[in-house]
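Chain lettering (A, B, C and D) follows the sequence in which the chains are written, and residue indices restart at 1 in each chain.
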Amino acid sequence: MNDPTRPSATQGRTDIRVHEADFDVGHEIAQLRAGNAAIGAVATFIGVCRDINDGDHVAELVLEHYPGMTEKALGAIADEARGRWDVIDILIIHRVGRMLPTDQIVFVAVTSAHRGEAFAACEFLMDFLKTRAPFWKKEQTPAGSRWVDAREADDAAAGRWG
Amino acid sequence: MNDPTRPSATQGRTDIRVHEADFDVGHEIAQLRAGNAAIGAVATFIGVCRDINDGDHVAELVLEHYPGMTEKALGAIADEARGRWDVIDILIIHRVGRMLPTDQIVFVAVTSAHRGEAFAACEFLMDFLKTRAPFWKKEQTPAGSRWVDAREADDAAAGRWG
Amino acid sequence: MLNILYFARLKETLGRDTERIELPAGVADVAALTDWLRARGGVWSEELAASRPVRVAVNQDMARHDTPIRDGDEIAYFPPVTGG
Amino acid sequence: MLNILYFARLKETLGRDTERIELPAGVADVAALTDWLRARGGVWSEELAASRPVRVAVNQDMARHDTPIRDGDEIAYFPPVTGG
């Protein structure tokens, strides 16, 4: 992982945060871009809590994680993305704790000189975060609370990257 | 193109804007998501004016377009994306006129229930916008002003989608 | 009448952004109109040479050489696009 | 000593989120530790059955059955991850 205290225009920084608090994507994007004229492309992804999953109404979601390993796993995923694509900045914010439908859960932003690298790295980060970072979702539905099962589609998405 | 005055939670709206004024991505994302608990994924892309292109310093950029055809072409691209992926909202904002390095040029945002569709549609929209929408860039460099040549990489990127 | 528009580099080299002309006799498609314009000579034959990557839109849709042209159409000539 | 952590569904069904144990005699890798825990019977043999999709991390890195375990390690048992 790059030293986040000394970004350069073309190498940027990796910034990984795991916390309960919500985040402001407009502010985060502005901070990431601030004054860096080497950036030509910013690809971002926001994962949002829906009110329905597997056909059932979801009233709330609780996200548990493995403190310490979470940051380590996300750092390793970011390093892997940097090894594959020529990106400038990588920002990953993942919330934990209690969330309601329409709440933001995760934010990934990648800056690069060109759009192809930004898009690829952003989608790669999400696919690997979904399968390699120790987060677990528990949903509150009318039938009670239940742990969300891992999706085969997520393994398939991560598998695409070879 | 969907009627932008009557969005539904799962079909959303297509919103296309071409203008000189800058835009606030945080505000636009918030407006797009506002209260829609069917949205699980928001993929966005911001294209930014760099201070260097083809090795030369770029002092400013002027974007010309073909009023009328621009909106028509972007609407057709958005319709094509809706035909290919199950997306909720599509927002495309493209600036025209004079821009300086670090200025935002284009913003594409796609909402969907799931991330795969949002990512694919967002990248598709950018690839097709780059090759099918009538915008032309003129750069001001130390050697004078020059029209930017179309890139073969952009044709290749659009060609990928078959 | 045809309304012809020129954009970007073509607008500068041809020295105009729009012109209105009577539909020339015998012009029924894009290829024929381009030939007719090219016959003006000078920068017209240079800029609209078959070797140049010129794009044409008819009534604001991308056109091909064999796209029909009718009286009242809006025709645009421009270089390959470079937005985004 | 080993520090063993349990997360999500496993934490609930096994009734604990952490425990400290002496490194059991003969346990040198993940497979052996899992066998040792499974030998506790009841929910342990059910939840850690080979047919269950249980994941293991050693010192906060994803581990495999043959990943070595040494005294002082932090071992975590959890279901497949579902974040993002």
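Please note the rule applied: contacts are C-beta pairs under 8 Å (C-beta built on N, C-alpha and C of every residue); 3 or more make two chains touch, one makes a residue touch a chain.
Here the structure is a predicted model, which means the values were calculated and not measured.
The chains in contact with chain B and with chain C alike: there are none. Annotation: 48 Å between the Cα-based centres of chain A and chain C. Rounded to whole angstrom, the centroid-to-centroid distance between chain C and chain D, based on C-alpha atoms, equals 72 Å.
Centre to centre, using the average C-alpha position, chain A and chain D are separated by 27 Å.
Touching two or more other chains at once are residues 84 of chain C.
Within chain B, residues 47, 115, 126 each touch two or more of the remaining chains.
Every pair of chains meeting the touch criterion is listed here: A-B, A-D, B-C. If you check the complex, the residues on chain A that touch chain D are 47, 63-66, 68-69, 72-73, 94, 105-106, 126, 129-138, 147-151. Residues 24-27, 29-30, 33, 35-52, 101-102, 113, 115-116, 118-119, 122-123, 126, 153, 157 of chain B are the ones touching chain A in the complex. Across the complex, chain B is touched by residues 5, 7-9, 53, 57, 60-62, 76, 78-84 of chain C.
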